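Going by the order they are written in, the chains are A, B, C and D; count residues from 1 in each one.
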């Protein structure tokens, strides 16, 4: 929008960001993006994963520094170089990944940013306890404020995170996918919180890719795609289709190419009455060669726990797992891999990448024995194989020696997927395969998963992304509270049915 | 931006490349040291002195090879000094009893391996932070060595073979240097060209990822501890032979020398980074400094100060370089 | 945290609650308390003269040096860093203390000199670790070497005697309050209470825990992570300096040998006290118990006329077992 | 029979009369000994000597080891005072470091005997004369060099600057040797840390630099042996070498004198005797007798097989021949003490 106009309106605006750009090694995260928030209004920020939503708010929060562009609050231009700058300016961000100190009590976490202190400068613990309790009563959320935060289930931690927004005198509250791990009635509480905020004249930036929520709570919607600003319109002017159109930029089915034929009836993976001490209860299912089995569930439903159990990463307390008819010793990844099952973890940095090490080393890790004679690695063969995967998967890297930390999320994910293909597995478990990667790469990953299946692998996919689930899966199993609550065929499944089952 | 980081690299040098940048500094330092010292004190290049330096370096290098593996897997062993002394005492004692260098040597090396096994067990099974665990075992060894023998175990039957371990020569080369070279070569190949070595890096870089890829991280760490222990056994033999007696008081501060050398060589305490070549350079730099201070007849207290400063400086340079690369 | 940020709203509300009880009842601490009691009981029955007021107060005095330094080291640990330089620091800061006293005959100036050097050391440790970002183990290990070597160089490896012999200086480390409680114990106790209060009831203390527990979250909460760590290093060095001053008084001189291996004793006690190397976990109360356990252990074993060798072995085993036990519990929880 | 030896020994010394009476009068029952470095062989044997003599008078010696930790030394002494031992014996880790301790012991009326080095404000000290020990060995070394090394003396001192006692020995040695060979040269003055491997390491470098060194002096047996091992490791013959050790605390030097052609002189310090004498001082002090401020325990250089005169060796144990040891007459006072170093 024209700058002079912006300036003229400035006083009315809570926040104005113009011409914001940000690059990371190998990817342009934001390109000349602008955003305007009005006091007392809810402004939705939408876009697929990797569209640039998170980057934008992290700039706002002072986590990243923008490469260019200006930020105005109440018309005055400001610089945000450190989170404390944002907080001083009354910008409160509720992040998707929990930003709480696990060792502290819930009450203390609420006041983490500004401990109430007495005249002597001592922390007023009683005040903290009292106000925290009062706060949760106000929004009608029942949680033990003296509990160790780390001991709470994820969804409750998320609510604590959200409640913090009320505890501070904020002028702008940003919420990044706040509902991702919430049960519907918790979402209800969330909206209650948001309305309370707006009634106090606070501007709310609501980041989400869930249409229904946006239509319910937002006044205005800004859509980003591939780091670019696509549209900003009052919600009234939008329909489901127009929004999706803006977000994805093409019709949904084209995002999910489906070349593969029907699944064979050879059972590649069978899980019987699997339970773990922590979470899972009596899980049984099978996956056939050439089939994509999609697991859906809200955060904390036990998807990741299941994924880690069936690849032998976590110990199990009961039940059995067999791959290609062979029984797997629980809690032993080595036999699991040699039997032909592997996991593409949701936590790329934590459980997938060796950030400092080169692409080739990351790529060949699981298949290394195949290039070795008497333990000696034939490096030319290793590199040749790696190169062929880099080409086939169109992995964008300047060289095989490139430390993988310098690749974009999408390319990193492709390397990790290639790691398993190189090993030649029969069953591959993918957990949130497209988390935090941009749309282009996303469809490539989808294509790869489809190819895996068509090449006769059994794919077990854990996801919280409805389109991805519906688009890719042959069968859909829904989890809640560590159990499988429903099972649908591709044809039966609809967004509503699946959600209801997930709420359990 | 991305291209800045990519260096041309021959096949397989992938991991090597990462460390190489940090080694240029060391090579430079080493060269400057040698030139500087030999200008001030020509004796520096006398064959005798070079051999003296090499023999001292050998002792540290032997253990350094194991310590490098440990640090690459993000663990550390501070008990090597105490263990070094104990190995000597045990070996000397067994040799006196059995009158056989072979058996005595085996006993010493076995003892070292046992210590490594215990350390490895405490760290991988009991999950005790290796820094604390090995400080604990260090105390235990320092105490129990005196319980084993209060006074130095003397060399009763002077067996030629025993003396040779430390003081012997093959041609112009002292045996300890040859031994060190041997272990260096083996460890080098192991770290650089074998699956095992690659897995050690993987574990240090990201243990969970390694496990998910079917690597038995805990076992390999245990392996690294045992290897280090065995190498301490070998070094202990060399030392006991050189001293011609099992000295319970030997090895004080040896662990710090070794760790310092390895870190100086660009191996990161965080794991996943480091090379044996770097360790070799680190050892040489430290030992040349040590030697130079004596040759120049400087106050030997500098032998404590200089390494301290060098260590911090080297780590800083390495850090700075990697930050530059990350930009 | 700057007062400007603190909530206007909350200041109106009721007085701050002091619940040191919450600190006392951390489960790991309870086990330590029990361990300490058992230990004392054991020696009371086995070792003659152990369970006498004179001996018990003696041990308190002896423990206080490690206790005072331990507070600082524990705080650094909690902030997610390590400090192993305290041993050589003890020898180093005693030099200005004695030298200045010998020249000026003023205890105050001597103390000031010692604290100044201690401060400087802390600043260097903190700057290199927190701001430059060099691994703090390496920084403080290097400092350990540099200081010890420096002391040897400066003193020519001889002790510097206190030629003035001020009674006030002698009293610091050698006399007792009401002839019962040694002054070092009093100092240690006061400092312990002060820092237990700070770590529990001052925003700064909570920041230290947050920074050690999860630096990224702390950053998001607007904390000056580096500054917090920096200050922790400074605190550690200053407390180590205080322990050094008391030691110097007990030795009546600046001894170039003092503090050899002291860092090990302190770290051992801190870890035994349940302070985690990974940061964010542990309490000063636990640290204090750790120190007391090790001190009573060494005193008791000495009373049983047990050789140093055994003391080393037993201490080593206890440390490993204690930490292993701690880990087990943490994984269970 | 040992008692008669005791008498025999005391006959010569300053307080013969006193202790002769002492045997009649009541004697201390519990003696506390704070040793500076109890794991060291020298002190192991000092303690043996103490316990042997204590047994004779029906007393017990309790030992607390400071293990070279000055702080622990003070604590250990405190503990003994708390335990209310009859006499306290202290070997200071560092002379200066125990001054306040003596003050406190006085306040608690605890008689204190110092072993090793003089301390400001002490009542009495039992010690060998480190300087004299080195000096006498130096003289012998000089003679040897004159006869066998062509009157050339190029000395490598494997020293330990950390402790005043060991510095005195080195100085004594050089002064002694110069009485015979005035132009004896201290080619290399090393810090061998007093432990064998460090001594070996630094000696190796020094020998590489100065191949013309022909005398190695070590402030203790670990140091001299470390130096000798360095020599051997350099592949040199021992023909024109003289090694002089100090202490003679254990079997190491005997072993060396038997098997190493160059290990000719040992400045023996008879730790057992030192311990024995210390107990005598403790008794005298306990009985409030007049005691000289400095009681010297004898030392003597041993050449070749001399050690056989003083020790019986069976396997790994050696037993002192008291008659011979007690026959040695110590000097009334030392030529130099730590105090002289300060100047």
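Keep this in mind: a contact is a pair of C-beta atoms (placed from the backbone, for glycine too) under 8 Å apart; a residue touches a chain by one contact, two chains touch by 3 or more.
Note that the structure is predicted; figures quoted are calculated from it, not measured.
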Per Cα centroids, the chain farthest from subunit B:
A
How many Å are there between the centre of subunit B and the centre of subunit D, using C-alpha atoms for each centre?
36
Could you please state the distance in Å, as a whole number, between where the Cα atoms of subunit A are centred and where those of subunit C are centred?
43
Residues of subunit C touching 2+ other chains?
152, 157, 307-309
Numbers and ranges of subunit A residues touching at least 2 other chains:
none
Per-residue overlap in subunit D, given as positions that touch at least 2 other chains:
39
Pull out all the chain pairs that touch, please.
A-B, A-C, B-C, B-D, C-D
Which subunit C residues qualify as touching subunit A in the complex?
1, 3, 5-7, 9-11, 13-19, 197, 201-203, 206, 209-210, 213-214, 216-224, 280-281
Give the list of subunit D residues in touch with subunit C in this complex.
38-39, 62-65, 67-72, 74-76, 78-79, 82-84, 93-101, 103-104, 120, 161-162, 164, 341-342
Sort out for me which residues of subunit C touch subunit B in the complex.
128, 132-135, 137-139, 141-146, 148-150, 152-153, 157, 264, 267-268, 271, 277-278, 307-313, 315-317, 319-320, 323-324, 327-328, 331
Within their complex, subunit A touches subunit C through residues 61, 63, 82-84, 86-88, 93, 95, 99-104, 108, 112-127, 129-131, 168-169
Subunit D residues within the subunit B interface of the complex
39-41, 44, 188-191, 193, 195-198, 200-202, 204-211, 222, 225-226, 229, 232-235, 250-252, 255, 259, 316
